[in-house]
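Worksheet: one structure, shown below.
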Amino acid sequence: MAKDPTQTYFAGTERDRAAFEAGIKLGAIVHQFVGTPVTEGTAAALERAMEASTRLQPLVEDIRVRIDRERLRAHGPYGYASLTEDLFDIEVVVRAGPSRAVGVLRFVPELDYPLMYLKEIGGPTEP
Amino acid sequence: MAKDPTQTYFAGTERDRAAFEAGIKLGAIVHQFVGTPVTEGTAAALERAMEASTRLQPLVEDIRVRIDRERLRAHGPYGYASLTEDLFDIEVVVRAGPSRAVGVLRFVPELDYPLMYLKEIGGPTEP
Amino acid sequence: MAKDPTQTYFAGTERDRAAFEAGIKLGAIVHQFVGTPVTEGTAAALERAMEASTRLQPLVEDIRVRIDRERLRAHGPYGYASLTEDLFDIEVVVRAGPSRAVGVLRFVPELDYPLMYLKEIGGPTEP
Amino acid sequence: MAKDPTQTYFAGTERDRAAFEAGIKLGAIVHQFVGTPVTEGTAAALERAMEASTRLQPLVEDIRVRIDRERLRAHGPYGYASLTEDLFDIEVVVRAGPSRAVGVLRFVPELDYPLMYLKEIGGPTEP
């Protein structure tokens, strides 16, 4: 990676930044797109748009967004659903120098909660 | 159109409803998608997702969403923009029985304002 | 009302515009704020912010936003909810010249749907 | 803090989590509230609502949200602005066990970019 002009603003290590940036991406996707009308027929277009917008952001190496068709329940007289947090299944990979973080959002039934967590994090803990 | 089960909730005429529903769609698109990271390269995917989500909603006959590439200005160290209200160019056609409304959102330079307006509205003014 | 410089852009009557603007406000509130974390303790602050932002918009005469505490269900390990469309109870009053429209959003159990509808609409049907 | 039931899902250290959670909060605030109509007169109510909704989320110790009145430019015939990313000035403090992260969002003129960064990060780098 070419020298990033934002680097001087950051405290901590590149590993810290990788974790931080993974969090940003998950928070951003969810709160940007929650509430969008969706059906099985339109889910793929929405997934592509969410992935494309995420790829533009700092340090994203890979992003996969899935809307859970099993949990998606069209309802009401017009037969569509609104995208809710529990329908997301996201995995985002962020790289900062030698460090890499994999952030996940998925609904965890045991917690009754759409959990964002670090699935993997690696790299030096010293600057 | 088959009898719409929501009809009994509405005051006014089908023409009133057509105008009302056109407004809903414009308000919804803008406030759902404003803030999404975008570039010339991702604008088309986002336009498709916005159109697809709008088509699911009540009484939409047609919808066209364009992001103004001329006004789109990538900036900052990562070279993307955030979708703002003044970048939208939307035309939505709504039909309620014999009535039809065409709602538009576009930036109007003379007003320095992204204006939502009724471009066309027709149909009986009596129930 | 002083002459509104946007008026020349509008097709139809002031009554059409009142209906259209009422729709915009409902679509905007919902798609702006859906997804916001909320509990009984924070609902009032959010209601005030939603009302304040709506009052700024064209032709709004009155606005009341309530989050349904009965339907609000805190869940997950951190004990909060996300604002969803079915939790809204909104009434917005719009005036365009002699015409007045009252738009409502509320969850209608019989429809299993958060319905936006015109509760009242009045004024001349001729320009 | 009582044992957090989400802990078993997390890779890495509590420091990694603190950085990650700080990122989530910044991404969430921005993409939830960008686009909201705002003036100097309504900015305070919106700031309070943004802070209240953030305090509900996991591991937040403190949050301060300011809308930059200097940059806020009401415009158009109705005299209000839309909240954009460059108007935010946010500082969020997250604690995970002995680790603490301070995340900031502010517009950085030299970068022409609203930068999210870790202002402080501390705590053990070993589990």
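Each chain gets a letter, A, B, C and D, in the order it is written, and its residues are counted from 1.
The rule we apply is simple: contacts are C-beta pairs under 8 Å (C-beta built on N, C-alpha and C of every residue); 3 or more make two chains touch, one makes a residue touch a chain.
These numbers were taken from a predicted model, which means no experiment stands behind them.
Of all residue numbers seen at the chain A-chain B contact, over half occur in both copies; the interface is built from largely matching residues.
Centre-to-centre separation of chain A and chain B, using mean CA positions: 27 Å.
Mean C-alpha position of chain B lies 17 Å from that of chain C. Averaging Cα coordinates per chain places chain B and chain D 30 Å apart. Residues of chain B found to touch two or more other chains are 5-6, 30-32, 35, 77-78, 111, 113. Viewed as a network of touching protein chains, the structure reduces to a complete graph with every chain in contact with every other. Those residues of chain A lying in contact with chain C across their complex are 30-31, 34-35, 75-78, 82, 84-85, 111-114.
Chain D contributes residues 4-6, 32-33, 35-39, 41-42, 45-46, 48-49, 52-58, 77-80 to its touches with chain C in the complex. Here chain B touches chain C in the complex through residues 5-6, 9-13, 15-17, 19-32, 101-103, 108, 111, 113, 115-121, 125-126, going by the rule given at the top.
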